[in-house]
Amino acid sequence: MSSIYKLIEIVGTSSESYEKAIEHAISKASETVKAISWFQVLEQRGAVRDGQVTEYQVIMKVGFKLLD
Amino acid sequence: MSSIYKLIEIVGTSSESYEKAIEHAISKASETVKAISWFQVLEQRGAVRDGQVTEYQVIMKVGFKLLD
Amino acid sequence: MSSIYKLIEIVGTSSESYEKAIEHAISKASETVKAISWFQVLEQRGAVRDGQVTEYQVIMKVGFKLLD
Amino acid sequence: MSSIYKLIEIVGTSSESYEKAIEHAISKASETVKAISWFQVLEQRGAVRDGQVTEYQVIMKVGFKLLD
Amino acid sequence: MSSIYKLIEIVGTSSESYEKAIEHAISKASETVKAISWFQVLEQRGAVRDGQVTEYQVIMKVGFKLLD
Amino acid sequence: MSSIYKLIEIVGTSSESYEKAIEHAISKASETVKAISWFQVLEQRGAVRDGQVTEYQVIMKVGFKLLD
Amino acid sequence: MSSIYKLIEIVGTSSESYEKAIEHAISKASETVKAISWFQVLEQRGAVRDGQVTEYQVIMKVGFKLLD
Amino acid sequence: MSSIYKLIEIVGTSSESYEKAIEHAISKASETVKAISWFQVLEQRGAVRDGQVTEYQVIMKVGFKLLD
Amino acid sequence: MSSIYKLIEIVGTSSESYEKAIEHAISKASETVKAISWFQVLEQRGAVRDGQVTEYQVIMKVGFKLLD
Amino acid sequence: MSSIYKLIEIVGTSSESYEKAIEHAISKASETVKAISWFQVLEQRGAVRDGQVTEYQVIMKVGFKLLD
Amino acid sequence: MSSIYKLIEIVGTSSESYEKAIEHAISKASETVKAISWFQVLEQRGAVRDGQVTEYQVIMKVGFKLLD
Amino acid sequence: MSSIYKLIEIVGTSSESYEKAIEHAISKASETVKAISWFQVLEQRGAVRDGQVTEYQVIMKVGFKLLD
């Protein structure tokens, strides 16, 4: 009766912003995992070259309901 | 020779207690994952409506041995 | 348009169980705060006398929507 | 003589970005709390439907001076 | 004049609930340590066999006054 | 029957010491909140000017019983 | 365009050292997960019998790129 | 043979967004520190005046290789 | 050859300051434990009555060498 | 019926490696504490002189069953 | 336009109190670092000999503005 | 009179073990920083290629006395 959910951990990246990194990762994960309903940011990092931020990286937990 | 284990993160829910939420989640996860041998509670939350607790939610890590 | 929520921190107590401590605190808080919709357990403690647990104490965050 | 401040915890939401969620929450909280002078992000979460981020949620502490 | 307390760390187990695990551990510890007055839950774990929870484990700190 | 407590978060400041900052904040908070019975230090910070500490700042949680 | 990574959590064991436990777990995980590129140690534990360490246990996160 | 890196902690600010605050800080730090290759966000804060966010502040660790 | 140390956890109290609470606890613990050489503050709390701090409480770890 | 365990905290040292520091501490602790069955690493530190590591230090929790 | 700050970590010591340890460290650091404007206490430790506290040690982060 | 110390954060790497990574980093840091007297491990990570650990990485704080 009561619902069960699973959480997986993914890392999204974007050269523009953390929101784009999140959206991209959620979109990609949704190809194989149906019913994602929430996420939580665990860590925000980034790559730098020649004094410029080249990549925003966001480590996140993604939650979805396990189908009955 | 030495054993390897995997940990997955699940969320169990129950309208009665955290123990019921844990038992339900373990039972459900055991349908697809064999050999679960331990779990660890990460977070305890809940839902409320009209001043009543309607759902106990427990976020937990579940560990099981990887078969050789 | 987008919703705003507030979180307050309360401590519930019960001589029986943590679930009773939570339910009691939620029920009491609902007398003055409308629209509580979730809670999160922060810490579980207790009091002891003569080798017996006399009180289960649960420190929790309670979340509710701010009305427009 | 020395100043005293209070911290409250709120959750802002936005369908666009974390900055919008923060701004919205600060703006809303300022209607009832005068003299907010700083905030601190505690957690960043979000809601997802059909593989799309529908809401950015930011849990934050907001600090303000208690008037003499 | 001022009181001094000591904290020790113990693990209680029960096949029924976390409350039973706590009560059992407090009761056992009280055989050798007098004057236990409070406890704090540090971690909640458990053992599983064949998809059933066989043991609830609670790691806790127990505090008691040092006699003068 | 069982008691319910509330926790609020305040910041005390003093040019002398952390104890003075705590005492000042507790004294000030007691003007509006009755029945404060304990506090917990969360963070200790400070302000500096010209190589001298000008202000000790202590972020603390203050707990009090909710009257029946 | 931007890359997406997944993180899974595994436990490696060895009777010799933490490095052996890590190497063994990485080697085992690589049989089913291609493209592992980094890991992070979360916790180091061990088993003891008769005053001798019989097993070093390392709980670790393992990261790998999701293929396009 | 093996590389050594150093991590320093800086705070970037921006009136627009956290990404701008990060970019500005990285750009500024690169004037004196060569070879910055990654960063990690530690804390996100902000300043408020008259109910408006006036400054986004990001506390971050910046890593760079020590030249041989 | 190499030294082994033990850590115990105690709580000191004082009506004056945290330093007095620490000194008192160290002095008391030294009556039964020889060779204490360092301590670490884990938590600072306190008791309040009628808007006055009546007790500073410091939870601390105390380390000492185990004699050969 | 259900088992009770105790956890103590010790520091092992070695001039060679963390594994040696752990083994030495476990061996030493086993002289007075029977039935040690597991340990957990809390912190890894070390001493340095003239640019050389002279001591690896490992702070660990050691668990053992309390006899009936 | 927007300001950039740097944080360094120092340890102050005093035989009297944590406030003296902080003041001394800030004063010393100000000889080489101009424009220190705030600090944050990370950890409080101490040394003991013959049952007496001989040194209060405070590990702290110190923040200062980077000049343009 | 009382001593002041500084802490810096470095990352050591080795293809063999964490101890080698630490030793290498300490040795390298000692070329420019005199009087390093202790270190503390913050995080242990590693790089993997083709199912083999190619690099052990240790993020550590290094402490040294500031000369008078």
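So that you can tell them apart, the chains are marked A, B, C, D, E, F, G, H, I, J, K and L in the order they are listed, and the count of residues begins at 1 in each.
Just so we're on the same page, a residue touches a chain if its C-beta (ideal position, glycine included) is under 8 Å from a C-beta of that chain, and two chains touch if they have at least 3 such contacts.
Just so it is clear, the structure is predicted and the values come from calculations on it, not from any experiment.
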Third chains touching both subunit G and subunit B: A
Among the chain pairs F-K, B-C or E-I, which one reproduces the interface of B-G, with more than half of its contact pairs identical by residue number? E-I
What's the chain with its C-alpha centre farthest out from subunit E? H
Taking the mean of the CA coordinates per chain, how far is subunit B from subunit D in Å? 31
Between subunit C and subunit H, what is the separation of their C-alpha centroids in Å? 38
Where the CA atoms of subunit G average out and where those of subunit L average out, how many Å apart are those spots? 22
Sites on subunit A at which at least two other chains make contact: 8-9, 17-18
Interchain pairs in contact, sorted by label: A-B, A-D, A-G, A-H, B-C, B-E, B-G, C-D, C-E, C-F, D-F, D-H, E-I, E-J, F-I, F-K, G-J, G-L, H-K, H-L, I-J, I-K, J-L, K-L
In the complex, the residues of subunit J that touch subunit I are 8-15, 20-21, 24-25, 28-29, 55, 59
Seen from subunit J, its contact residues with subunit G in the complex are 17-19, 22-23, 26-27, 30-31, 36-41, 62
For the subunit B and subunit C complex, residues of the former touching the latter: 16-18, 43-53, 56
Using the touch definition up top, name the residues of subunit I that touch subunit J in the complex. 2-9, 61, 63, 66
